[in-house]
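There are structures below to look over.
One chain, subunit A, links the two complexes that follow: it is found with subunit B in the first and with subunit C in the second.
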Partner chain A sequence: MRPFEYAEPVSVGEVCEILGRHGEDARVIAGGNSLVYFLKRRIVSPRVLVTLQSLPAALGTADPMPGGGLRLGALMTHGAVATHPLVRERCPQLATTAANIGSVRVRNSGTIGGSLCYAHPAIDTAPVLITLGAEVVIAARGGTRTLPVEQFFSDAFKSVLAPDELLTEIRLPGHGRPLRGSYIKFVGQKAKSSMAIVGIAVAIRGGDGAPVEEVHIVLGGVSPTPLRARRAEDLLRGKRATPELLRQVGAAAAAGTAPWDDPWASAGYKRDMVEVLSRQALEGLTGLGPGYQG
Partner chain B sequence: MATRIPMSFTINGDRYEMELPPQRTLLELLRDELGLTGTKESCGAGICGACTVLVDGQPVSSCIKMAFQVKGREITTIEGLAPGGQLDPLQEAFVRHGAIQCGYCTPGMIIIAKGLLLQNPYPSEEEIYEAVGSNICRCTGYVKIVEAVRAVARGER
Partner chain C sequence: MAARFVGARIKRREDRRLITGEGAYVADLARPGMVHAAILRSPYARARIRAVDLTAARQSPGVLLALAFEDLQPAGPLPLPVPHPALKAAQEFPLAPGMVHYVGEPVAVVVAEERYAAEDALDLIRVEYEPLPPVVDPERALAADAPLVHEELGTNVAAHLEQETGDVERAFREADHVFRERFRVLRGSGQSIEARAVLAAYDPLLQALTVWSSTQTPHLIRRGLAPLLNLTEAQIRIIAPDVGGGFGSKGVFYPEEFLVPFLAIRLGRPVKWVEDRREHLQTAIQERGQVHEVEVAVRRDGRILAVRDRFVADQGAYTPWGIVVPVLTATMVPGPYKIPNYRFEVTVVYTNTVPSAPVRGAGRPQAVFVMERMVDRVARELGLDPAEVRFRNFIPPHEFPYVVGLRSRDGRLQTYDSGNYPEGLTRALRLIGYEEVRKEQERLRAEARYLGVGMACCVEATGLGPHEGATVRVDPSGRVYLYTGASPQGQGHETMLAQVCADALGVELEEITVVTGDTAGIPQGTGTFASRIATVAANAVTAAATEVRARALRAGAYLLEARVEDLDLISGRVQVRGVPEKGVPLGQVARVAAGAVPGPGSPMPEGVETSLEATSYFTPAQAAYASGTHAAVVEVDVETGMVKVLKYGAIHDCGRMINPMIVEGQVCGGVAHGIGNALLEEPVYDGSGQLLTSTFMDYLLPSAAEVPEILLDHVETLSPLNPLGVKGAGEGGTIPAPAAIAAAVEDALAPFGVRITEVPLSPERLRRLISRGERAQDGGRG
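Let's look at the complex of A and B:
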């Protein structure tokens, strides 16, 4: 690891000031799950390392927002997201997703904000957050901006954050009638604590015996950034689910992907799994099947 | 540039005040600065669990933790489970059940099991598998490790 200068700011303003002053030469460290490995391998070698560990406690908590929404501090660990009563009540699929990230060691350190900033193509948090219409709050010296999570990623391992920006918060909107959703983390023959081969997040409104009013399908691991399956969503929106229609929806979701071969799965296998699993997920939510059975 | 920064820790019940270069990992602090070599390094990426220690009772991978990240916290390593040479029930159970072959993963296995039992004194079979299964053992096939943890959870001596 190359030597670096150490900074331990106690406010978001102070972080932004340091980042603004040093630009590309500075990095923040949240849980350190990904960054410490990168530092050791000299994949990144910042001149200044800015630790977020002494920021106000609110950055690590979840709080209700008016209208049934929820704000999650960027420094909440996956373990905290998984067990927080408000998250479990209002966004159970997010709590379950967090509970299945990595190992207990990963969940005790890794943060929800860090996982978005890390921007691994198969990160579990992003697809679920996008199906729920979540936004991120980003702070910089000049003020804050808010962005849908869907627009946060620019490429594999890259987000739209400028070097002087800090992700502070994730906001989950309230819904008049909650979206019902699920996330399938498919690891195939890999250990359960590994990153997903493909991840499938779906959320719908309606669809329980009535037409599907609203549908969101977001895929992880099959393109450089989380992929919204728009053509598949269009096929289902406004219609009553049938086995045949859901087969077409699954096929449309798979057709829109651009996966690659890796040591665990070929591109074709990933595409096939997207087709089958998105169909199974939607069958589960519309009462046409048991859903994904692991 | 501050080449060393003041840090304090409680490690296995003892309080340490030291000045360290900020680029020390927790694993390096334990093994290289303090000689607590029970904690092992294997993958170096937070996957295998050989370097597992408890921070405020929660298992973490010390190879991907910076020492400064645990300033002011309470750290427990495998050495801390046997103060004065008196083995922890988990250590005794690992010996009794033969849950050790080459032994390299053992400190991390015992610590992750300790973390589990601290959180959840009566874990289900699945919870035991999930915890020890996230640490890698290439010798035993896990059966005896699970038996040892189960025995302690059931209070068998």
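Let's look at the complex of A and C:
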């Protein structure tokens, strides 16, 4: 790790000011779970490290939004997301997802904003947020902009954030009738606290005995950025789920992926798991099976 | 004398320090003027080094020294502490001399005022490599056209060994059945929480070198270092402070053990090097890689008449522990079974991968995997219960000492001292509720859920020589100091040895300070490996403490004006038996022995030896054979290939348990390691010899969440080979685990006809086997 200056701003405006001044030479640090590793390995060597820990408390909490929606501060830790009553009530699958990220230590320090900005292809939060139609709020010296989470990622470990921008907030829209969803973090034989081999987020409206009106299937770990399984969604939308149809949906989801080999899982295995697990997830939501029994 | 402490479940005295962050590891230590080393490592598995240009590195800010092989004077080679007549050893140097042989081999070293400055300078070193095709696969290494790892040896074969007992040919001719199988055990490693670290300081005034090393073997480091640095052993003090785990990977004389002291002398400043995890994964020794072709000859009733095993052992690039691992495998294949005819043939081969040396289990997990898988095969082929086949083949409890018929690793006739293998299996099956599990398995199969049960038995040579010693000294304050060469890495030696000492001497536990891991504490030592400390060091402690007790009684006789025969040493007081008020505290006795009473100028009192202390070395004539039996219940998810360990029972026999709580901790930790070997741990090299698993994101370890509750029970067959009757307990938890889990998985997947012949078992490999089985069945039906 190379030496760096340490800045401790107390407002979003001040952070943006520092980032604007130093550009590529500055980096914000939230929980540090990913960044410190990058610093140690010298993958990044910023001259100025900007801690977010003294920003206003509102950046670390969740508030209701009109119409049943929610806003989550970018600095909310995974632990806070997992236990916040509003999150648990309005999007239980996000709370459960956060509860299964990393270890206790990672959950107590890792932030939801940091996890999105880290942009690991298998990050757990992103697929769930995308199935829920979430947006991010981004601040810079010149003002703020809002973007669907789906458009936030540009490549593996890359987001569309400019060097002088700060992610401040995640917004979950309200829905007339809430989407029912689930997330499968599949780690295979790896430690429960590790990153997923594949992550499968599914959310549907309808489907409980009736046709599936709306369906979102977003996959993690099988392409550089979270992948929406459009062909699979199209197959299911408007139809009544049957075991055979869900088998086809699973196969379609797998067919659209472009995974790579890792030492602990080949591309082929990842694809197979997408097929098996997206089918199981949908079986669970449509009452055709017990769902994933990890 | 009744044992008060030996056998008791006493909490480990080191734990408060270690788990509250009060431990002092090498990385925590600092010396005035200390500077930092960083090492440039080979990015190639096999390459010629054409040139190393250190100019820019030397000019980098804060850099004090940058060296390559040519700059080392002297330059090695590194010691080979365990030679073998059959071994064609390649010389290993602290920095690569013209060739690199594995990814991670040290090529150059930089010392700077700060660690980051040393690392900055590494980036500026220009090495001109000529990459050459490497040999990564051990079987490929035997091909006629395979590249040579060490051209100067003219072959990739490091050693070839054969041994036979009985008449194997004949047994195969006369057998009712012969079964053949090929097994692969992949590499694994020892991942301690603390990686390696060395800090060295040279005092020119005293001409003395002090080295703090995160090592399992301080005395062996001193032995290796002295000739390399042209110092006497008396000039070198090696201290292993708190060491955060070892598992074998800190039992080796690594290049850094030389480089750091060498640099400290050269610079005249203390030098520290702390390995990072990536370096540890890349360069710390590994083990296990073997490919076996095995045949068994059996009688109709399941009795195994003969075993023939031919295997290739992957040695990696060097032989830091000789060929101990393959020899241990070869000689331990027969395990707990009475097999009159056995032949092995092992070819040890060099590959362009990190060197192989013992990791917890040391060759035995492979031997057990091979033998136990074959026993399961026999059971399946003959339609017998796998437990029954084991009972039919065990060495009966009344046949000890049992002569196996082989020469073991120390060249002696391999003789098991004691054991009760049927009892072990009976208890293991009881632990997991074997009969009920079988019923449950039947029931769940109807629901397309796949439960399986497996078992594995092992015998393990523990407590190896040549010696370990103990000095017991009573300070004039009355405090007892115990010094030993047996340096711990978290096993609880301080507690266990204090228990032994307290009983033998007759003092309270709290009165004893145990000093480990310091060559200044005791002249000779061997170190911690091969599950040897409870056997070798503890018996040395008994002998030394017994001698001190005798001296204390003689000095007490002078002080109390009593006859030695009438005295006793109880709770730190020498007193007249039956008259406790007539006694003196041990400190007072120590002052007499120190010559403080009557005082300078007077003769020593008659019958009182100078200094209340004794040093004793225990030198075992042969190994004490511990044993273990494991039974596992797993469920396999046939859609994902995931294995869940539902129940795990482990029986261990380490003779007398000095502290059952410590033994159980060792067994549980060992099982976790074994589960890692069975399901997770695998250093993956690609075809070009690059290690693909150089972080814990890629090298998978079992975490607490993946290790099931381990049900424990013990068999205690005392060893007749040492006064305490103990055998080792450090590795028995690991050794049978891969075999037990493999057996359970195979049993679970019996409906698919899956055979497990390789570990670790990744979900992906399993799924492939399952779908192959499904296809075969579909084909069968269609």
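Some notes on this structure:
One rule holds in what follows: the second predicted complex is superposed on the first by the 294 of 294 C-alpha atoms of A that agree within 3 Å, B and C clash if a C-alpha of one lies under 4 Å from a C-alpha of the other, contacts with A are read in each partner's own complex, and residues count from 1 in each chain.
We take it that a residue touches a chain if its C-beta (ideal position, glycine included) is under 8 Å from a C-beta of that chain, and two chains touch if they have at least 3 such contacts.
Because the structure is a prediction, the values reported are computed rather than measured.
When the two complexes are overlaid on subunit A, subunit B and subunit C occupy overlapping space and clash.
By the document's definition of touching, of the two partners only subunit B reaches A:104; subunit C does not. Look at A:53: by the touch rule set out above, it reaches subunit B but stays clear of subunit C.
Contact with both subunit B and subunit C is seen for A:192 once the two complexes are overlaid on the shared chain. Once the two complexes are laid over each other on the shared chain, residue contacts for A:4 go to subunit B alone; subunit C is not touched. Contacts of A:276 after superposition: subunit C is touched, whereas subunit B is not reached.
Residue contacts after overlaying the shared chain place A:33 against subunit B, while subunit C stays out of touching range. Of the stretches 73-81, 595-603 or 667-675 listed for subunit C, only 667-675 runs into subunit B once the two complexes are overlaid on chain A.
Under the contact criterion defined above, the residues of subunit A that touch both subunit B in one complex and subunit C in the other are 1-3, 40, 191-193.
Every residue of subunit C that touches subunit A in the complex is listed here, in rising order: 116, 119-120, 276, 278, 637, 639-643, 679-680, 682, 684, 692-693, 697-703, 705-706, 762-764, 767. For subunit A in complex with subunit C, the touching residues are 1-3, 40-42, 186, 188-195, 262-266, 269, 272-273, 276-277, 280, 293-294.
On the side of subunit A, the complex with subunit B involves touching residues 1-6, 8, 29, 32-33, 36-37, 39-40, 49, 51, 53, 79, 102-106, 108-109, 191-193.
Taken together, the subunit B residues at the contact with subunit A in this complex read 1-3, 5, 21-23, 25, 44-47, 49, 52, 55, 58-61, 63-66, 68-69, 71, 112, 115-116, 130-131, 133-135.
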